[in-house]
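Both complexes below contain chain A, partnered by chain B and then by chain C.
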Partner chain A sequence: MARPDPRESRFSSTLPASVNGFGRRSLLRGALGVGALGATGMLSACGDDSTSGSGSGASAKAGNVKFGINEAKGSGPANERLQAMADAYAKKAGVTVSVNAVDHNTFQESITTYLQGSPDDVFTWFAGYRMAQFAEGGQIADISDVWPLDGIGDAFKKASTAADGKQYFVPVSYYPWAVFHRKSVFEKNGWTQPKTMDDLTALMKEMQGKKMTPFAFAAKDAWAPMGTFDILNMRLNGYDFHMALTKGEKAWDSPEVKNVFATWKTLLPYHQENSLGRTWQEAATSMAKGDCGMYLLGTFVVDGVPKEAQEDLDFFTFPELDASIGSDALDAPIDGFCVASGAQDEEAGKAYIKWLASAEAADAANNAASAPFIAANTAASTAKYGELQKKSVEVVQNAKSIAQFLDRDTNADLANTVITASLQDFIKKPDDIDGITASIQQQAKSILG
Partner chain B sequence: MTTATPTRRPRRQRARVEKRHSGRDRLVIGLMIGVPTLLVVWLVWLPAIGSVLLSFTKWNGFKFSAIQWVGTKNYVDIATIYPPFWPAIRHNLIWLVFLFVLPTILGMLLAVVLDREMWGSRFYQTAFYLPVVLSLALVGFIWQLFYSTDQGLINEVFGSNVDWYGDPDVNLWAVLVATAWRHTGYIMLIYLAGLKGVDGSLREAAAVDGATEVKTFFHVIFPVMRPINMIVLVIVVIESLRAFDLVWIVNKGRNGLELISALVSQNVIGEATRYGFGSALAVIMMVISSVFITIYLRIVFREERR
Partner chain C sequence: MAVLAVIWLFPLLWALYNSFREYSYTQTNGYLSFGGWTLDNYTEAWNRGNFGLHLKNSLLITIPAVALTLFLSSLVAFVLARFSYRFNLTLLGVFLAANLLPPQALLIPVFRMFKEIPLPAFMSETGTMLNSFWALILVNTAFQLGFCTFVLSNYMKTLPHEIYESAELDGASVWRQYWQLTMPLVRPALAALATLQVTWIYNEFFWATVLISRGDKYPVTSALNNLRGQFFSDTNLVAAGSIIVALPVLVVFFALQKQFVSGLTLGSTKG
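Coming up: the complex of A and B.
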């Protein structure tokens, strides 16, 4: 399933993304992707590159590792960064890092079969429930002995910890979700970034007066509307409720969840219509063209807008809705790495993964690629960051709680087969909140119970 | 003595026949029957029975020890609290009827027209058949160019604002048109091959008898092509039951595009690992397919008996 991921966007060359999200610009990339999909059914089918180095500073535990990455060769900066990390480590430790590069969506969709087969020693993955479920099932190795990691904060450690209190993951990068807009459009109209919900409401009304749709909105990819649900949930009920709900401790038909939907319903008239047939790339384009004023999305939105609009983007976090809850929580999904339990050389894998979380690794990645990621390691150089990324760092550091994302925090069965369809149902029938929440709860009970 | 020989001879002959079957021949026959049987059992029956068994369990697909027996819960859930199920059944049936009505008739018509060897018929033949060569994934992508709400060709040209892929009342038909675009060429080619195989003297005889073109087709040519019609019938049924790729490309079989095959995939492929639940859906699909297969086989066998 498509994920909100910055790399995925660059990854519009995977088939579903290309078809979902297609802008005229990405047509060619998309066409190429179709060819690639035909050729890759299996995880191991893509590139298999070995890079060996002859450096002298090999650490005691370091050894040859197989490295599975969820970015196919030639898929842009995301692949360049991962490849650069592999190369840098091979050179530094004097070992061989065999890179198995697989297309992003294929990697994600085949993860269960991948882990049951002969997975690579170290592979790219996501924090949250998606990591915890494999920890519980014993598919990924306990790497609590490589922690603590220099430059990796407590919030990241929390996100790398599974239910048993041990770490199974190291973070490498993240990207926050926020409300994006074009600076020039705001300047031209004399608008400022809203600080409160009243400001936002006034701004939305003013935009409507100027025949502009306040919020661009896309829900063809079923994960996209989850961002809106998450931010409203965290503003109305708080981060703890978000976590309890995603863990199944709170009911989906509770008054709190109904309140989220009811609030969303009042905001829907300010959102673009026909969202169910629109991809996020198309929604981003309508914001870039000035048809829509704002767009709530992850920072990967830059990949959906033309080059000249990229420089012109700015963002703000969604304002407070309830004074007792505040506005210090946000979605900032974390990407990183796991060691597979079936690894041929677990020690070598751990040595490698520890290095991957270092500032040195982040710098190696960002220096080699045409576009940088936002490093999880605070000691990493920010020299290559653009303005948006610098601001992202600031926003995430100021946030008190960081959620992963609805479908990264929730049981995968529930998120992928029930919540996705139910959010789309809500967008279709915003009046049927009781029916929709009752249906989610019934199914949640059946799946989790 | 003389009367005994004729009775004894056939017996001896029979014995000889049996003898011929023993030894090497028997081994060969045994292998020729045994190997395919084993393959069919291994590749078809075991997985099928496995799915049926799994459909009464809850399993995340990792360890066999994690399989929990849940009885008919999956089936009850599917029929009662799983909202996409009934729409999926309905959509599969619409798909079947639509494929029968539009692309089949259109394909037949095109075949008849192209069979007349008019100028450029080779070109049209290729043009109509071209979509069949493309994978459905690519077909979905091509039609996205037409259907996109904000940037698509249809809305741009007609100034309309229809959400072709997103509006649940419209998207099934939009996808069916895309399917028909591909399916028509397929049917056309099959009929074209059939028409080329029709004995020319039949047409001549009909013409001599003074039958019109239309009458000739319906009363002479069409009945002669009965085997082709059977093939087309089977293809249409199979295609509509296994319809999957296009809706998966469009929106993973959600929001108005639910199909049983897509629901199976949603639950089993990808990150969701509801193997028991997905198997139950697959079993339902298998039962529906068996109904059609049984009908088809009955027709075929009755024909052979005749």
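Coming up: the complex of A and C.
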């Protein structure tokens, strides 16, 4: 679909304020906001505001907010959670939260027109480069005065910070990427989760001996193979290299990247063939059926397997490849919220967003929904978590560095048009590593400048 | 012919077939299997996609847009066909040229323009053209005008000149010649165009996604996306949703089919 270039969006800030502010309607809303301010300001003065007692962001006062969410009404637990947070806040602060629910993909694809048009005060978005890009363009507001947030760790703060060192984002949840498998299959064959690459290689060989494909693999959803690239890159070259590469500070045709592809090439024979025609759901199904032993994917893999297999899933993080690098980095994309620059009431937006990052908000969401998310706030209750989620928390807390996933850590144009196609080319012709890396680098240079 | 028809219909029938089957069944047995029958996909698609609301939105956009397009283009066509003056050809050329412009090329200008056009609060919640049905009605009308003008003016040119001469002798004004003489005569063409326009505007997806960013204002075509999750999509459910969305067009088509065919051939045989 044709979309305006993200860089185009900078023009929005040059529009005269009178355009945005036109109409009796906004005046009226302003008046309402003032009314609400009076009421809730008094409430918080009465010491009601115990969760945000750290004192920062004191300037932000609760008020009516418009809340844009990237899950359509009735689309399942993700929508239920966001709706529950909105309701809980409306009740607590005594304000109106009007929810604008758009389905995930449409929301993401039309984000630039959304932000330039008439954005809601607070909206759901992703951490990392995707957030930083809008911070640089001035479409999202600096919310560094609501930080630090109780219960939100340093790794999350890092992911919420843009290039100028200020925070533009608050995290709410995340989902790690790991190697999934069925417990029963491993038990039946007497296999254990591999700790080292030698273990993994031995395991893969044994699986092949049992006529099982070691790794399920799908590349029809173009983002899926990025997971494999990321984990190999972080095991071979480390987290810092991953970040430098995605920011354009390191070259895509460097020996390090070529090494990643070379290693991947040696692993490809252990992956399902004809992956370009397979969706991740089909790959997940073949793991659930036992045709494949393992599958490297995000925790959303549970949605792709039949009910009886969901209980039977377990995972491990990809083993170490280089002792000097270790295995303490992983992909765990973080979801959260931003305040739009064009917000009608930025102060109310900030008050709301600060609350959204609290453990109270996470609990409200998880208690209301049929399936919980993994809260970014460490003080949030884990009572509703399933086994996989409890283990995810542990794995992420043990990880030293958390990457956001290749397409969230770099420019969207580069990720979605160049890298996806190149990874698919590589899967088609694994021998042409030099040609593929040279082509990515050439295009990365012209996109990242 | 038969072979072509089968090739053409196959994907449709395949979608129809799978829309009646459970996802978990096709997931374990593959799409080539037979069984797992259910009607749940339809009720679930209707509820989850919130199709009631979105069909109403589509209706609110399509009907005024089609009516407006036909009215305005018949006015232009009447003038172009009945009166000869210097800019006749130029005018028709301009209308046609606009028709040839890809809408994508006009995306940014239209978006910016609409962002700056204020509307009173009772017409648009946001105070601008963005996020209002007015924007979609206008954009669709503008993009369809060229084609309708072209077809209608060609059709009107085939009407015998003598009718107008006698009308004029009887003292009919220009408006009367248009409204009471021409319009009834071009009814077949109007019906044919109405069928096409309803289909096109109803199926329009591009402008709706660009100009609307409120989930509850999307027309039904964009609302189909509600059935897809962030990662997971139940293809059988999407198939059921697509068929629900396609039904109104089929109904319109069959209802106006007779007019449509006679409209097409009438235009072609009169020289």
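Just so it is clear, the second predicted complex is superposed on the first by the 389 of 449 C-alpha atoms of A that agree within 3 Å, B and C clash if a C-alpha of one lies under 4 Å from a C-alpha of the other, contacts with A are read in each partner's own complex, and residues count from 1 in each chain.
Here is the rule we use: contacts are C-beta pairs under 8 Å (C-beta built on N, C-alpha and C of every residue); 3 or more make two chains touch, one makes a residue touch a chain.
Keep in mind it's a predicted model, so treat the numbers as computed, not measured.
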Which superposed partner A:285 touches (first chain B, second chain C, both, neither): both
First, second, both or neither for A:139, with chain B first and chain C second: first
Which superposed partner A:417 touches (first chain B, second chain C, both, neither): first
First, second, both or neither for A:300, with chain B first and chain C second: second
Chain B versus chain C as contact partner of A:447, first or second or both or neither: first
Touched partner set for A:109, first chain B, second chain C, both or neither: both
Which of chain B and chain C A:117 touches, first, second, both or neither: second
Footprint overlap on chain A, comparing chain B with chain C: 1, 15, 19, 22-24, 109, 116, 285
Residue numbers on chain C that touch chain A, as the complex places them: 24, 27-28, 47-50, 104, 107-108, 111, 115-116, 118, 120-121, 125-128, 130-131, 206, 209-210, 213-216, 218, 222-223, 225-233
Interfacial residue positions of chain A with respect to chain B in the complex: 1, 15-16, 18-20, 22-24, 27, 30-31, 34, 37-38, 108-109, 111-112, 116, 130, 137-139, 219-220, 222, 273-278, 282, 285-286, 412-413, 415-417, 420-421, 424-425, 428, 439, 442-443, 446-447
Residues on chain B engaged by chain A in the complex (per definition of touch): 60-63, 73, 77, 81-84, 135, 137-138, 140-141, 144-145, 147-151, 161, 163-168, 171, 249-252, 254-255, 266-267, 269-274
In the complex with chain C, residue positions of chain A that touch it: 1-2, 4, 8, 15, 19, 22-26, 28, 68, 70-76, 78, 100-106, 109-110, 113-114, 116-119, 280-281, 285, 289, 298, 300, 303-304, 306-307
